[in-house]
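Here you go, one structure.
The letters A, B and C name the chains in turn, as written, and every chain counts its residues from 1.
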Amino acid sequence: MSSQTDDRSAQEKALAVERDVGNFSYETSYDFDAGKGLSERTIDYICDVKGEPDWMREFRKKALKVFNDKPMPSSWASPDLANIDFDRISYYMAKGRPSRSWDEVPDEVKKTFERLGVPEKERAFLAGVEAQFDSESSYSSMKEELAKQGVIFVSSSEGLMKHPEIFRQWFGKVIPIGDNKFSALNSAVFSGGSFIYIPKGVKLKQPLQAYFRINAEEMGQFERTLIIADEGAEMMYMEGCTAPQYETSALHSAVVELVALKGAKIQYVTVQNWSASVFNLVTKRGLALEDAEIRWIDCNIGSRLTMKYPAVVLRGERARGEVLSIALAHDGQHQDTGSKMIHAADNTSSNIVSKSISIGKGRATYRGMVQMPRHLKNCKNNTECDALLINTNSRTDTYPAIVVRGEGNSVQHEASVSKVSEEQIFYMQQRGIPEAEAMSLAVNGFVNDLVREFPMEYSVELRRLIDLEMEGSVG
Amino acid sequence: MSLNINNLSVSIAERQILKDFNLSVSRGEVHAIMGPNGTGKSTLAKALAAHPDYTVTGGTALLDGAEIIGLEPDAVARLGLFMAFQYPVEIPGVSIANFIRAALTARLKESGGDFSATAYYKALYAQMDALKIPREFTSRSVNVGFSGGEKKRCDILQMAMLKPSYAILDETDSGLDIDALRIVADGVNHMRGPGTGFVIITHYQRLLNYIKPDYVHVMYGGRIVKSGGAELALELEEKGYGWVEKEFGVLV
Amino acid sequence: MTDTFYMTEALSICSDAAFEAHLGSLKDMPSWLLDIKREAWARYKALPEPRRKDEQWRFASTDGLSLDPYSYRVPSADPQECARPLLECGGCLDFADDAYIGGRPLYEEAAARGVIFLPLDRALREHPELVRRHLFERMPDLGSEKYQALHVAMFTTGVFLHVPRGVQVELPLAGLHEAVSEGASVFPHTLVVAEEGASVTMFDVFRSREAAARHFACAAADICALPGANIRYRMVQAWSRSSLAFHMNSASAERSSSVDAITINVGAAHVRSEQHGRIVGRGGNVQMHSLTLATGTQEVDQRTLQTHDAGDGHSNLLYKNVLLDKAHTIFSGLIRVAENAQRTDAYQTNRNLLLSPEAEADSLPGLEILANDVKCSHGASTGQLDKEQLYYMLARGLHRSTAQQLMVFGFFEEVLEKFGNEQLAQYVRDLLQESFNAHELLNNSPDAT
């Protein structure tokens, strides 16, 4: 009861502050809106609304300074980044989304939901018609089960407020504020995302899904997720979905930190299908201690520019890291994805498999970093990246960086670029399969070994999505 | 109901291979086409199956009355023409089960029919058992890592599942040991009946010991130079292709 | 070295005085060349020093690039002794501190067919228009613009080889570029042009006459195969182990022509080795192979580019590095296929053999593909000698050190056998052996257990 009162007074105070400034308008459909542009005032606003402790306010302000001081990556990154207008972005909106009716959802989107087989009850939420996904019924039994095992699965804000001792120990430790310009931005204005703690030895059989407790805030642009698997714990987390996300915001910049303590296993599965106007700039990194294992399984579709290089820091002996990634770039899209494997203990091993498909004038880029420093022994990395180019003007790039020192360390990197073989297409056509469908089959075949690593419901949707994306790409 | 090929002329990269080729195959018949290497046997198969490298410069091919020249390869296939490849292609990542199912679905889409997954697998397993293809092959990628014999059996499996009205076997026997040859022949014999016409292209008489043809044609210089019954194959085996060249070389 | 007729005052390499002295020493050079040189000097001074954060200098220790220890002396041809002939060849040009000191004239048969094989300064005087047509036409686009400008401003001579249309030069031709005086700077330039349908083989050896001397080399080689021509170019870099060297090479293949280039790196404390292969005409073919044995604290910074600007082209790159002690190699390679360059085949492979825990091998194998009907791949691997193979040899009674050396030479052999000249291959084997002996691989062996 008292915390509610606190909340209310905090928000009244914040609103009063904002009224004094009086230089921006509210969207009536949001309960809280920090307005456009970014300054210390924005951060105070966010902290006040959320009632965050002082250390977090300081953390955010420090991050803002780093963000402002850090130049945009220019020597290697896409020049398109310069087109982000930070002054025109709303950094915080919570509780409530623009009220739309199902009728207002474009037919195209509705049709896609249908063809992807998105369950009826999820469609309205995904289309932005409902602010809350009605999942209580399916979730409540699971929640009870989780609670029994001592699992914490809450929003990052709730994690900060209710579990400060675990939260603060790891928050910002895997990805420090200054890691890059966008991790600094996220650190300054984050809201939403999940906080998960799996106690020692607990092995979850069911994957945890962001779906289950998502609301407008969690769908936000600056999600922050922190997952800690304690010694011997095992878990899988799934985020995103194959449905096009009905978004109007131009910039998404999430930060995800994973901590796998001794012998723990974390699998983090992402499927994202952004609308074609979105900049999706994400920092994801896991810390794997002794005998721990972290796997990033990642599928990127859509967006104007995605920059995402999931990383594993192999801090403990015999730790294992893996990144499996699929990227599909259509006309006007640039998927700039890859992986980083930072070996920091003996006998660690890592594996990267990346497959990209460029359609039309789409551009898929692989960027990688594998590092084995001098004091290490017997580390191994294997990297494979394969690119498939569908049309004559499709583009792909590969830019790996490999640094090897030390004793008994070895790295293998192989990359190839190809198009769909005409003989394959003819063979399938001879069996009566139309050319476009043959093309889809070949493309699905190309990514098949990775798609099967995704949980069943995702892999089925993924295949359908690839079919959809392939439509119209042939003659 | 027949496949009628009239005055078909075909070239690859400006070089003419088939010249005014004529052949009529009725459903229920088995025709063998024999001849020395480079005489246009495979060209005939590829041209009918609308391979993009082959240009038809003249003539027609009517499949049960419908012109197939000029159609896309998949359209020809859906009309009922099946080609067993001399060198079946590897398709990584596409499982046999999904592949054959996609091919069947493409046909059903046109006829508006449907089939259940259970019925499909039942039919698939039955055919696989008949061809001695182990069950676990269903989840393997089409032809990837298969031995020569396994690839050919995979092709015959597809034929059995797709039930074409005309099937052309393009040197399916090449590179097969005797056991694989027998399995392939059994597959064909099993399908023999009033519904399907076969064209068996082969260099050797060997396969014809297992599949008895109704007609044997000798091809030379891009056309058929001699036709006869099953005994013609034996005659060829005995006299060799040098005999054909000597006898018909002047005509070409 | 005794003083000579020419002014040989040692000047700071980066000073205007050095440049003016250089210009003043050039005799009877065409005015267009002097203009190019003045412009290049201005560019050299204006361009910033490379920084490690520049993408094209990633992982390089750019602070090792100071030119302070080196001086410039106006080249003088007299009275330095002529080096002993290195190879049997159809002609050899010998240089010491950027002065032509003799060699062996081009063999009669080739000379009679119009082949020109001259020191570059003489070619500039005798065939100015022919040289002008190709000189500096294509410099590598790999990040060393500043040093290219320095090279253009300060070069005096080098090899000029021109093979007329349809002429096949049967015997290999050679250039021996030596640095002699302590602290000397040299700027050798090699320009090889094979006209339509011509064919030729050229060897360049770059070395310090005294192993103890310290030199700065800023060299460039430009290999141009016109339509249907065929050039084999082999270069050996064996500067003294305290030297700083830049080798900025370009190999371009026009329609249906081929360039087969091999680079050997055994010398220098720090070498920047750039190799830009260009497919400029349909069906062009460029082969780029390299061997490096890096020991001590050597840094070998290799940057390569394979650009396909025309279709049906083929390029193949194989860079093999063996690292001992605290050596550092950087391989940064890029294949760039332009939008219209359909039916391109382009391959790139980097193999690093790490024989010491203190050594560092960096690999940046890149692809930029804008056409879809291509076969492109790259592979990079870094590892140790195969334990099973090593064991097999030990089990046959070989000493560990012998077995290791055998395996390393085996690793190199793939490139050595592409030389097509056993004498040069043997010369390189000897250099590699010297390097091995000097650095006692056997004692430093990481797994001597």
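The rule is short, and it goes like this: contacts are C-beta pairs under 8 Å (C-beta built on N, C-alpha and C of every residue); 3 or more make two chains touch, one makes a residue touch a chain.
Computed from a predicted model, the values in this text were never measured in an experiment.
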Please state which pair of chains has more C-beta contact pairs than any other pair.
-> A-C
Please indicate the chain closest to the centre of the assembly, with centres calculated from CA atoms only.
-> A
Where subunit B and subunit C are represented by their mean Cα positions, the distance between them in whole Å = 57
When centres are defined as mean Cα positions, the distance from subunit A to subunit C in whole Å is 46
Just give me the whole-number Å value for how far the CA centre of subunit A lies from that of subunit B.
-> 50
Hunt down the residues of subunit C that sit against at least two other chains at once, touch-wise.
-> none
What parts of subunit B, by residue number, touch at least two of the other chains?
-> none
Multi-partner residues of subunit A (at least 2 other chains) | none
Contacts from subunit A onto subunit B in the complex sit at residues 421-424, 426-435, 437-438, 441-442, 444-449
Can you check the complex and tell me which residues of subunit C touch subunit A?
-> 53-55, 58-59, 339, 342, 352, 354, 357-384, 446-447
Inside the complex, what are the residues of subunit A that reach subunit C?
-> 75-76, 374, 377, 387, 389-419
Any idea which subunit B residues touch subunit A in the complex?
-> 49-52, 72-74, 76-78, 82-83, 85, 88-89, 91-94, 98-100, 102-103, 106-107, 141, 158, 162
